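Structures incoming, each one as structure tokens.
Presented sequentially are two complexes of chain A, the first with chain B as partner and the second with chain C.
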Partner chain A sequence: MTVDFNAPDIDYAAISPQIALMAGICAVLLVSVLGKATNRNLVTSTSLLGLGSALGLMIWQSDRNTDLVAGALRLDGLAASAAIICIGVAIYAALLGVGEPAFFENGQSRHGEFNALLLTSVLGMVQLASAQNLVALFIALELLSIPLYVMSGFARGRRESLESGLKYLIVGSLGSATVLYGSAFIYGGSGSTDFGAIAAALGDGGLASDPLIGIGIALLTVGLAFKVSIAPFHQWTPDVYQGAPTTVTGFMAVATKVAAFAVFVRLFEVALGPAASNWQPALAALAALSILVGNLGALGQSSLKRLLGWSGVAQGGYMLVGLLVASEVGVNALIFYLAGYALMNLAAFSVIAIRERESNLGDSLSAVEGLGGERPALAWALTISMLALAGLPGTVGFFGKLYLIEAAVDGEYTWLGIVIVIGSMISLGYYLRVIAAIWMRSAPDPASLATSALGPIDGGSPEGEREASGSRLLIVPLALVAAAAVFFGILPDPLVDFAKDAGRDLIATVK
Partner chain B sequence: MLNSLLWTPLLAGLIGLALPKRWVGTWSVAAAATTLGLAIGLLLDGSYGSDALNYVVDESWIPDLGVRYSLGVDGLSIGLVVLTAAIWLATVTWSALHPPRGGDDAPASARNPALYFAMLGIGETATLGAFLAQDLLLFVAFFDLMLIPFYFLVGIWGQGERRAATIKMIIYTLVGSLLMLVGAIATAVMAADGGTVSFAIADLREHLLGESSQKWIFALFALAFLVKMPAVLVHGWMPDAYRSCPLPVLALLSGVLSKVAAYGFLRWAFSLFPDAAIDFQLVIMLIALGSIIYGSAMAFTQTNVRLIAGFSSVAQMGFITLGIFSMRIDGIDGAVLQMINHGIVAAAAFFVIAALYARFGTEDLTEMGGMASKAPFFAVAFMIITLATLAMPGSANFIGEFYILSGAFQSKLAIAVIASGGVALAAFYALRMYQRSIHNRLPEGATSRELDLREAAVIVPLVLLIIGCGLVPNKILARTEAGSSASVSALVSQCREHGAAPTECAAEYGLLGPTNREGGFEPSESDGGAGNPTE
Partner chain C sequence: MSTEWYLVLSALLFSTGAVGVLIRRSPLVILLCLELMLNSSNLALLAFSRAHGNADGQVFALVVMVVAACEVVVGLGLIVAMYRRNLPLDVDEARVLRK
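After this line comes the complex of A and B, so read on.
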């Protein structure tokens, strides 16, 4: 008697990046347990090795267009582009984390935990970007979020950090629950959790205006809007951004947005594409609101991290425009903007992190006052980042906005193009304040600039103190991202090609 | 050729950042002189008899967005390109000889002259780029980029409430230019009508938009240009910015940057939105008239010499706008000539103000006086600049204003009559400033001192340039003419499509301008040797 056993066909090559991340997580945990307390360089190297191999494998697999894991995931241009950006951001965050004072506690390095959580979160992002099933979407979303809750509260000695972690946990869980609830409605309405089958039910089955589906779409929108902090679901953003350790904030601000927008695109354009005319006006209203609320909220902020949090709300609104026009040029514009956003935000967060470690002014605006005279390299990087976020020519931000506005006009949403521009005008009010602080003010009292023994963090350790000088090494990656923000502002073609790969397969699926 | 002209200032500025401090000034002067040399080379070498472009550069830049890197120079822009390079050389030279220090509370970054010259270099590249661009998006990008270096120059090296002034300046001007960006994108996307998007001026000319789309897009462009000039109603940023701006930089702001806006009307607004331009003619002419009257009246009542020059600039830009929107060849020719004249005169005036400030230690006109007593050459130089400002017959400004008014008279009689009053007002405020500072008694503590070599090195060439333009305005007109008739013919061809007979249109828009001009008013040879411009 023979038993027929159909071994599942597993495309190991296509999931190799995820395997690499998984292996990286295990390796980081082992190294951190087995090694000594001060092994942060070893841990970080292990983590970088895992991330680097995942990045390499992802680039190797980036021209695939195939279903994975019984159709739960899909590796296509969108998934690959989003994964490449997320892994790149994580590599940057790992480097930034080496000297993060919050990762030292009583002389003990906690880099092992941080890196393990970072890699887990990235794994969630890679899966989220390729999820094409509501269940896979939810699992990936949680895999991404839970490590982030922990990372936000990493500085246990600091109330703000704990508050940030708790707040993020509560709001994030609410968001996840809403997504789950919405998924249930979609499943109830369409009878399937698979994106392709949902699209078929909505399109050919004529369920596009079914009330169950409508409620499901609304709940999914709200849940994902929480994740990408689109107004009016953004209230947690400034507090969480400010309280979390700067390394974590930088990673969270950029990578979460990338992954969540990737699945946002796939869910709405593939699964819910046939109902586009129902959700487009709602998303347009959210985008416009987010642009206005984010930009107005950022005015008058004196904490740079809060300022970037509010600016992130506005930027999320710009990106939503690329999504809601539901066209190939829209997706391209969105991916282009996300890539540019990663560059400009990483530059800003690393300057904030470096200044936090050098002075005891924390992340307040006065920490960068007079930087132009004292530290021209940092000053230029932050200036480029601010000009790029404002969307001025000569930076990647200009073409990002241009691309989005072109997509908006092309999709007959010209008024949203004008809203983007009005938002950019308001945003000058705060971005330029930062630039004015850097170049047009004198440095504050030198005494407050000296590295204090304790640093800004309670329980700062001698280890952390020594690290302040080590942050000079960060100049190299910082210079790279800032230079890239200018380079793609003059010759955007390579980045345009990268973004076009993302839109390519997706639109073919829709059509 | 155009590439080296365009990028030399920027590259030189960036290289300057790496040079030792004591060489930066010389290096920057050399770079600015090279740029001027290249610009003059273009002027002498190119042919500007027709509206064809010279030295065309046309490269694919971002094919997916339909943006090309496309440059060219024709009769309309060549004069402004040379003006830009010349005034920039004057400013760079002045700054190299009088190192910028900033105000009393200058930040540490003000002690880095290389940064100052790098910003000037970026500004020059952006301005030249705006004049040379033949792709709408490239133009908009350069137009926006122009602002950034001036933000730093005013914010770091300015005086008084410099930070507030920069914020005001940048918000005002960027509001205009970002809206223009939307307008530009809308133009290209709508012109493509589902096909391949292209921002190239030639493609856009072939697919003009419908009149209603043209109207709102024209309004966005006009707003950007009017703010930049500045024209009355949207000039709110001007007084604060002028008060704070370092004087050599102010020479650029007033002398050159305002001209980009006027040029934008001719190159872009007229050729892409002819229907809307015709519709808005009266509105813009009224704004121009308002600028003339308001600018002149304010210039007459201010006591801060910077603001006198600043408001005089508002009035002059009003004249230029009036000439452009007369939509006659005469008026446009005069406007283009006047752009160049005013660029030189305004820049020279601000350098004279800098020299006055060095002697009196104040910018308040009521605390000045008697400078002529021991400084005859200074007085003469200032006199020439003053006479040019008030458009004395014999100066090129006279020819320019004459043509502008001649165009305006044929177009809108009532507006032209009132605008002529502005010419008389100019005499009031220009002479008032001259008399109060040069004549009367020397105030206590001030010394009358001749222009020293460092000042003369900048002011004297500019004064010679003013005299030179007065002697041969026809040389300038001969080059700009083809360009301005091209602007008008863009309007006329559109007018024809509206169903009017060709001759009516030609009569309406003065395309028969040359004959019109010969039969009309012609400045005689005795008016400072102004020959017949149509020769």
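After this line comes the complex of A and C, so read on.
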């Protein structure tokens, strides 16, 4: 006897990027098991193949605007642009990871594990950016986070790395649990887990000021603030950024923010849009606090990764402004800023990674002292990245901030625009300190720069550790992102076009 | 029976878990407290699911159980790795990264 049932209509073309990533995960694991354990180039190529095809398929599908998998996911401009940035960042991280000393253990390459985790995390990000159901949101959030906990603790030989993994796990799980408890209350108040149905219950059902919904919104805000490191839920950020292997830090600093902000926007503007007057003031306060705390915390940091961690808190505050104004202009400004943020941060993290492999000064500010005379290419890339993060004209950061301020003024949050400007002025204090170290100090004592066989990483293998060839190849992608950060600072139009579908599609869903 | 009692219990469990994560020093106990937070959410989801008479919440709770297991696996893995290196299993001692 056959039983018929209504199978959900699955649009395979639209979920093909996710299928490509799944296939990539399996392929990477198989290659690393079947191939020789030391074959890092083969593993990385397989991983790049998976990511590349996912990127291609995503670009192919990027003008779609449709519900997927019975409404659990939605592919629209927001999902596509966030996914393209995340996959791009992952490609960069895979390249950066080839020579990462932390990925060698007792002479064995662990690139198979790293790349499989990287692809899993990216899969979570792509799903998170398109989630439009609380269940899908939670699964995608955890699919993104759990591999990142492992990746942060990847250098098992280094105490800092393990500590950063454990800290990230505890704080990340606290954030996830809070998101989950908030989701439970939103479901309790509205009777549905679907974003559209929640919006209908809040809007037409008049539940916007229901206490259950209020509790839910508060918990969701706190949980997501943990994930995107918004003050006062940011304390973990500098520690985790500093302790994790630099490749991993670069990836999670950028890609996690992109994906988490994408779902933050979709959840708050689509599902909780009718209750906007309840959450807008709270988010505005968080944004202002985050901008001030992040910028003040970064002053006086001597570790570059910690500095970028604090700067990430401040940048998260800027981005939150684009979210809370709940307008098309705001979402476009947010996506523009996220894309720019990816370019400038990747440039900074790869310079740190390269210097970490060349000298034994780790990620401290003295590792880049005198870089201007010694390695002008690296020096220029880091300078561009610092100027862009500070938002100076002629870099992508300038237009990013300009659009955010425009959105703030447009959404009657002019005072937040002023806070952004004040924050940027404070931030010059530490970004310029890095630039001064690059160009105005002399290089540290050559003895400490010597590429000693045993660097700060114990348990690593001498052969895999210091590979000048690896870092020389890295100059090419580094030059590309740095050049893009300047190019879009002079001609922002291509990036504006890239971002503008996001806001249009999202606001069309809100109706 | 009213849903409120379940919600009060779940709120108590959630707060117990959250306070435990913040004040306990052993990473193992912290993991237990995280589990408590996730399970308090499950209780709330099931209560709401019965109240609304639809199964969304129950499906959600099943998903949460799977995810919680994954999280614990990673947490225990990290704790074992720290133990093997003879690092103190105490989150207050884990402060190499503080400056």
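We take it that the second predicted complex is superposed on the first by the 501 of 511 C-alpha atoms of A that agree within 3 Å, B and C clash if a C-alpha of one lies under 4 Å from a C-alpha of the other, contacts with A are read in each partner's own complex, and residues count from 1 in each chain.
Convention: contacts are C-beta pairs under 8 Å (C-beta built on N, C-alpha and C of every residue); 3 or more make two chains touch, one makes a residue touch a chain.
Only a predicted model underlies this, so the values are computations on that prediction, with no experimental measurement involved.
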Using the superposition on chain A, tell me whether chain B and chain C clash or fit. fit
Tell me the contact category for A:G191 with respect to chain B and chain C: first, second, both or neither. second
I'd like to know which partner A:P492 touches here: chain B for first, chain C for second, both or neither. first
Under the stated touch criterion, which partner chain does A:P281 make contact with: chain B (first), chain C (second), both, or neither? neither
So, A:A436: does it touch chain B (first), chain C (second), both, or neither? first
Does the superposition put A:P232 against chain B (first), chain C (second), both, or neither? neither
C-alpha centroid angle, chain C to chain B via chain A, nearest 10°: 140
After the two structures are laid over each other on chain A, how near do the C-alpha atoms of chain B and chain C get, in Å? 24
Which of the residues in chain A come into contact with chain B in the complex? 332, 370, 372-374, 379, 387, 392-394, 398-399, 401-403, 405-406, 409-410, 414, 417-418, 421, 424-425, 428-429, 432-433, 435-436, 439-443, 492-493, 496, 500
Within their complex, state which residues of chain A touch chain C. 134-135, 138-139, 142, 146, 149-150, 153, 156-157, 159-160, 162-167, 169-170, 173-174, 176-178, 180-181, 183-185, 187-188, 191-193, 238-239, 242-243, 301-303, 306
Mind listing the chain C positions that touch chain A in their complex? 3, 7, 10, 14, 17-18, 21, 27, 30, 34, 37-38, 40-41, 44-45, 47-48, 51-52, 54, 56-57, 59-60, 63-64, 67, 70-71, 74-75, 77-79, 81-82, 85, 87, 91, 94-99
List the residues on chain B that touch chain A in their complex, please. 61-65, 105, 107-109, 111-112, 115, 137, 141-142, 144-145, 148, 151-152, 155-156, 162-163, 166-167, 170-171, 174-175, 178-179, 181-182, 185-186, 188-190, 197
